[in-house]
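Pasting the structures in now, so scroll down.
Here chain A shows up in two complexes: once beside chain B, once beside chain C.
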Partner chain A sequence: MNAEVRAIKTPAEQGLADSFAGARGRLPGKGAVAALREDAFKRFDASGLPHRRVEQWKYTDLRALMRESYPLAALPDAAAKLRAKNAGNVLTGVDCRRLVFVDGAFAPELSDLVPEAGLAIGSMADALAKGDPLVAAHVGKTIATDDAALALNTALMGDGAAIRIAAGVTLKRPVHLVFASGSDKPSSAFIRSLIVVEKGAKATVIESHDSGVAQVNTALELAVGDEAQADYFKITQTRALHVSSLLASIGSRAVFNSFAFTSDAHIVRNQSFIRFAGEDSKGAIRGVNLLRGKEHVDNTLLIEHAAGGCDSREQFKSVLDGQSHNVFQGKIVVQPQAQKTNAKMMTRALLLSDEAEADNKPELEIFADDVICGHGATAGALDPGLKFYLMSRGIHEKEAEALLIQAFIDETIEEIAHEGIRDALKFAALRWLGSRS
Partner chain B sequence: MPAAQETVEQVRRIDVDQYKYGFVTDIESEKAPIGLSEDTVRFISAKKNEPKWMLEWRLEAYRRWLTMREPTWARVDYPKIDYQNAYYFSAPKKNALASLDEVDPEILLTYEKLGIPLREQEILAGVVRPEGERRIAVDAVFDSVSVATTFKEELKRAGVIFMPMSEALQEHPELVKKYLGSVVPVTDNFFATLNSAVFSDGSFVYVPPGVRCPMELSTYFRINEANTGQFERTLIIADKGAYVSYLEGCTAPMRDENQLHAAVVELVTHDDAEIKYSTVQNWYPGDADGKGGIFNFVTKRGDCRGARSKISWTQVETGSAITWKYPSCILRGDNSRGEFYSIAISNGRQQVDSGTKMIHLGKNTTSRIISKGISAGKSNNTYRGLVTAHRKATNARNFTNCDSLLIGNQCGAHTVPYIEAKNSSAVFEHEASTSKISEDMLFYCRQRGMSAEEATALVVNGFVKDVLQQLPMEFAVEAQKLISISLEGSVG
Partner chain C sequence: MLLEIKNLHVEVEDKKILNGLTLTVEKGQVAAIMGPNGSGKSTLAYVLAGKDNYKVTEGDALLDGESILDMAPDVRATKGVFLAFQYPVEVPGVATMTFLRTALNAQRKTRGEAEFSTPDFMKLVRDTAGHLGVSQEMLRRAVNVGFSGGEKKRNEILQMAILQPRLAVLDETDSGLDIDALKIVAEGVNRLRSPERSMIVITHYQRLLEFIVPDVVHVMAKGKVVKSGGKELALELEAKGYAQYADEAA
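For the complex of A and B:
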């Protein structure tokens, strides 16, 4: 990388260094975990906050966006938990198992812990402190990456979910991880979760984030076993500076679907590192972003086809209003051994305002010859012809626009197999459209 | 699969072992002392008898270069270049000629061998001359100097200035001073800055208002000396309503050491003007093990300064050990248009990192990018491009299509497009695909009675057709020969 030797730290970097120095003694985990933290922090310290000279962060200059670092959130008190009670209501009406995390810390009393065969739920902090073998086997090992934001997460990881779905088990209800903020002061949280879907198991997991002014760095490691299926949703509606990393490793003949929905955000970076490690698996990575004001949303994907015969589809749509800034960077890597790979990536941006900016960077990196890979990218405004047609039928201009935008994003949302979640996200999109002045 | 095998065979024909232009011309030459210093810069400037401002310009570039670092972002991997172990100026001894007769016959022979006609009379007295056949004026650059420029007189009558840069500095210093470095600034990038300091020759073209250049202009670059870098500088200006089509060709001898070619090309179009710039790049690519070959680090940029102006880049890239080249268009004038058509073929251990930038600044600007990459052997072929529309570039439009074809399982094909839309009326479309030759297509052709060979030829031809069509007639013929991946008619 072209990171330069830097002598001067920004105030935010200094703050993070101070946080680490102050907390390293009480962060959960000893021995190997502590060593992992030290090593990760050293790597972060060497590179600093990612900035625009780091290619993967070209359009999201975290060093410039993060002026200061907030103190680590304290454990939530009763008042904080009360404030967090209504979080995750975007899925009201969907029958889910709610697991609630307030300022990053697991809140069992707010969570649905009814036992279910084959499902083990725990807190990451506990698992790290106890040296849980499952966590020891996976955390920091799912995907190898030198990303600085993830290194920072590893160094400071506090709590999160540690979930295991036993081989052959199909979960009855989706698991909804509700991440809420309860603190009334600006604070920061470093969340780390692990979900292991063992061979032949099936699970649907939703992660939702809503919080006030905060800094959230969250990471999820997801191991999908052979012949397993994982449907993963991430719903981000947060005023926080939110950096999220998904690290997923997919086994053979497995199915992995992911969907990222982002609206009413402040600064969001969703980075996904997905590796097709086993043969003949299928994956669909989709997302919808709705932006306005000065919101900044960045979806960055690194899809690695390391085994043959896998199919992957990537589809992202963004609607931009106001002075918002949407970034999509998607890279598909096909390793020499991954013959018969079929990968297609599509990214589309709809610009509603002249001051909005949509940056797309779909990349292909291909080392195998018997593959079909492609990507497409478009950016443009609403089609005036279509709008005119609707208006000539007596539909008000704003309404006509809303209909067209809805059609644009529904194309992606319609792909969601789970009816309840699909409807909930459609409704969330409608609410966003309704609040457009 | 026989058809794929056939294609491999065809590509092998352009393989590194088949390089036809790898001979060395044995002539005496005069060189600057080895290495790079302010003295080298002064030496080159003095050799060219340049005005003082030019020397200052070069020295400023040199001092700036010392503070810069070599870029590392491209997907190319090469040993560190020792900038002190190369000659920055090399010229055939017999120079300053009154007529072509005084040119060293060895050089004339060289160009003859390369198939580049330098003798106007020969061209004019050609035995078979179909009516209306177009003629091409050639500027031949041998190592660091231009050895001959043809059709100068005829062009002069039309008002077109076509001469080596060193002559232009003497005869039209005001034009050179006005435009040199105005598209690619001295400080642009590491290699362009190096070029600004040590550039030796290149072509200068000025087409006055309303003139349609009566013939195609062409420059043929030849590196001959060992351990010599070639740093040419080309500047083409099309004034209001003018049109010019310019062709560029290049070859080099086969040598075990790598040689650096760091050129800068600047194009300027004023209102309603058009420049069509075509390149067939055929530098020595190194041998099968990746030994030797030219490092082609080139900065090419066009500035559509005037309204309704147009710049079109067409390139066929087959040579060079490493290609690092991004011919770009700055679409400044309203309603201006930029085009980029490229075929990049890599084989052996070649590394290509090429593409374009379309920078939309003016209103109603349009651009089109068609890029076809074919990778074979152990090569890597990257398309890297930027399309951006600024706030005020309302109704900007771009269409990009980049396709890659992989032949063999040890090569790589990569696509790195950057698409930045900064206003809502910009419409950008981008598509890219990578695949091997479709079995279905081959099967279809074969069941219509074509041989496997013909079917492959047809498919590959279809693959590159979009770009080949953009080449001027004379070049298209050469490009077809060069590619020799069984384009139409070449199978038999």
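For the complex of A and C:
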């Protein structure tokens, strides 16, 4: 049914089509890249913005949520860069290499480009324009998916980071990709990044997004080589309509940890497509979401165990206040050849308000017979017995709630191995709790 | 007097539990409340501490002449009311030290007193915990999580010792304790006896009162006090049981 050619476009879809028509000539990349864009746009155009009848988007109806499409962001001027300067300060105090992107465009003058052996940093727009072989080898090829939001990103991808960590190299500092908005007008950005962690290399990468009113469609392709380790964090604190796709392919005997922290958001969709392509790897995919007001946060995972002997842990926690809406969809697919897979998924929602809504949808699809897989989901309010106990000791109601909420969140944040990032996220959660009135 | 309860009627889920309970506790007095199961002893404890879902339909409870029944539990605590729970709850993820410090400083702040500095607080807790056999390891753990029954009760007394209430209500603090644990807890309580502090010791059994000797004993049946007397009343109850009071309350 969805394959039918749709005669009527929504204003947002029409706007996106106009953006593509207007920009296709000047978007970076010729030849194969241009063909990739055309093909991707055709696929997007055929399906339109994902909506509630598309299973994976049932709870985040982008067609309904996106009333109009904002014009593509112009290249940032000096004023825009100035406005972006303090972005990503959630990690102040953590010694990171900051790479700053303003409205999606790489800002080298705001970035820390001190050379480090084995680390190559570039702008995706440059790499696409130059036909960089690393980008040519990976972009659009990390994970196969027909997701329409990703297709739209591929069609309109502008800039982002292109990073390679050479085989055997352990990065000295985490790399912090700071995505900031500088434009003072509503605009849209289509960000595409690539990180290749070669065999035996180790890297910690943080991606943070904070921006004003905007539409952001960002995608990261992450290739984790054999025996490599990638620790990936995504911190999203943005008033934008924000759609993010992580496409990660994990080699053999590798380690992949991801952590998504979202607070003070507007509409956020984090979709992660993670494929355990090599044997005996380990992965932990975690997240914490703090919601209030009418905020909407969706974490959707598709974890594919395509090779045997891999362990994956998925753990997401959400705290919902006001009339907020949290969505967790987690699907673990175990392919026939992926024997000895061990996968456990858990999602818990803490509802602070009767009007908040949490949709938890864990799924397992298992085609192998020698596996251990499990999932669980809970949604509930704070335990009144615990609250009374704390209050009976003189602790004010809000503070008692804060202690209990913090305990709920910290259980997941405590799993972060990097002390500085762990503390920064604990502090971010505390700040969120402190601003509850 | 410190506490004055006048003709208190309380319902829980439309069931009448307290039926005109009247009781006064003098300043510095240790009052034992004894009575059979279902006589309303624990309800009295919860009503004084301010638990939800306890509906007061008539009467009042005054602390220093001020009604406490409309106050939130934390406000009562700040005014000096402390309940040692019969079943202390486990609070996963909240370290005992954090809990104690948050509670103490919240009370002090509300009363307009200076908050404890971390070193002063650590010293206070160490000294107090030592007396009660509460280890440093227990203090680092989450509140009551994985504690034995005896450890939970000792933790209650530790909180009481740190918070220094004016009115402590001990709800069956002896339940689930063996004789050694009972002695430690009772010693902890006795150390806190003072002319400035009143206590209500709720128990089924006379045994606890051998260790915490009350100034006065009240017998509750069917939601009210049916008899009051000296400490010898506890012995009489132990010998004759509660059956004799079944009719008096009716």
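Throughout what follows, the second predicted complex is superposed on the first by the 432 of 437 C-alpha atoms of A that agree within 3 Å, B and C clash if a C-alpha of one lies under 4 Å from a C-alpha of the other, contacts with A are read in each partner's own complex, and residues count from 1 in each chain.
Criterion: a residue touches a chain if its C-beta (ideal position, glycine included) is under 8 Å from a C-beta of that chain, and two chains touch if they have at least 3 such contacts.
All values derive from a computational prediction rather than experimental measurement.
Engineer: Does the chain A-based superposition show chain B and chain C clashing or fitting?
Structural biologist: Result for chain B and chain C: fit.
Engineer: Looking at chain A, does chain C or chain B touch more of its residues?
Structural biologist: B
Engineer: In the overlaid three-chain picture, which partner chain does A:Q406 touch, first (chain B) or second (chain C), both, or neither?
Structural biologist: After superposition on chain A, A:Q406 lies in contact with chain C alone.
Engineer: Between chain B and chain C, whom does A:E355 touch in the aligned arrangement: first, second, both, or neither?
Structural biologist: first
Engineer: For A:I366, select first, second, both or neither according to whether it touches chain B, chain C, the two together, or no partner.
Structural biologist: first
Engineer: Is A:T170 contacted by the first partner chain B, the second partner chain C, both or neither?
Structural biologist: neither
Engineer: By the touch definition at the top of the document, which applies to A:P384: first (chain B), second (chain C), both, or neither?
Structural biologist: In the superposition, A:P384 contacts chain C only.
Engineer: If we overlay the two complexes on their shared chain A, which of chain B and chain C does A:E55 touch? Say first, second, both or neither.
Structural biologist: After superposition on chain A, A:E55 lies in contact with chain B alone.
Engineer: Identify the partner contact of A:Q339: answer first if only chain B is touched, second if only chain C is, both if each is, neither if none is.
Structural biologist: first
Engineer: Please indicate which partner A:G374 is in contact with in the superposed arrangement: first for chain B, second for chain C, both, or neither.
Structural biologist: After superposition on chain A, A:G374 lies in contact with chain B alone.
Engineer: Could you state the shortest Cα distance, in Å, between chain B and chain C after the structures are superposed?
Structural biologist: 14
Engineer: Quick check on the complex: what are the chain B residues that touch chain A?
Structural biologist: So the residues of chain B in touch with chain A come to 72-73, 391, 394, 404, 406-436.
Engineer: Where on chain A does chain C make contact in their complex?
Structural biologist: 384-386, 388-397, 399-400, 403-404, 406-408, 410-411
Engineer: In the complex formed with chain B, which residues of chain A make contact?
Structural biologist: Its residues touching chain B are 2, 55, 336, 339, 349, 351-381.
Engineer: Which positions of chain C touch chain A when the two form their complex?
Structural biologist: 49-52, 72-74, 76-78, 82-83, 85, 88-89, 91-94, 98-99, 102-104, 106-107, 110, 142, 159, 163
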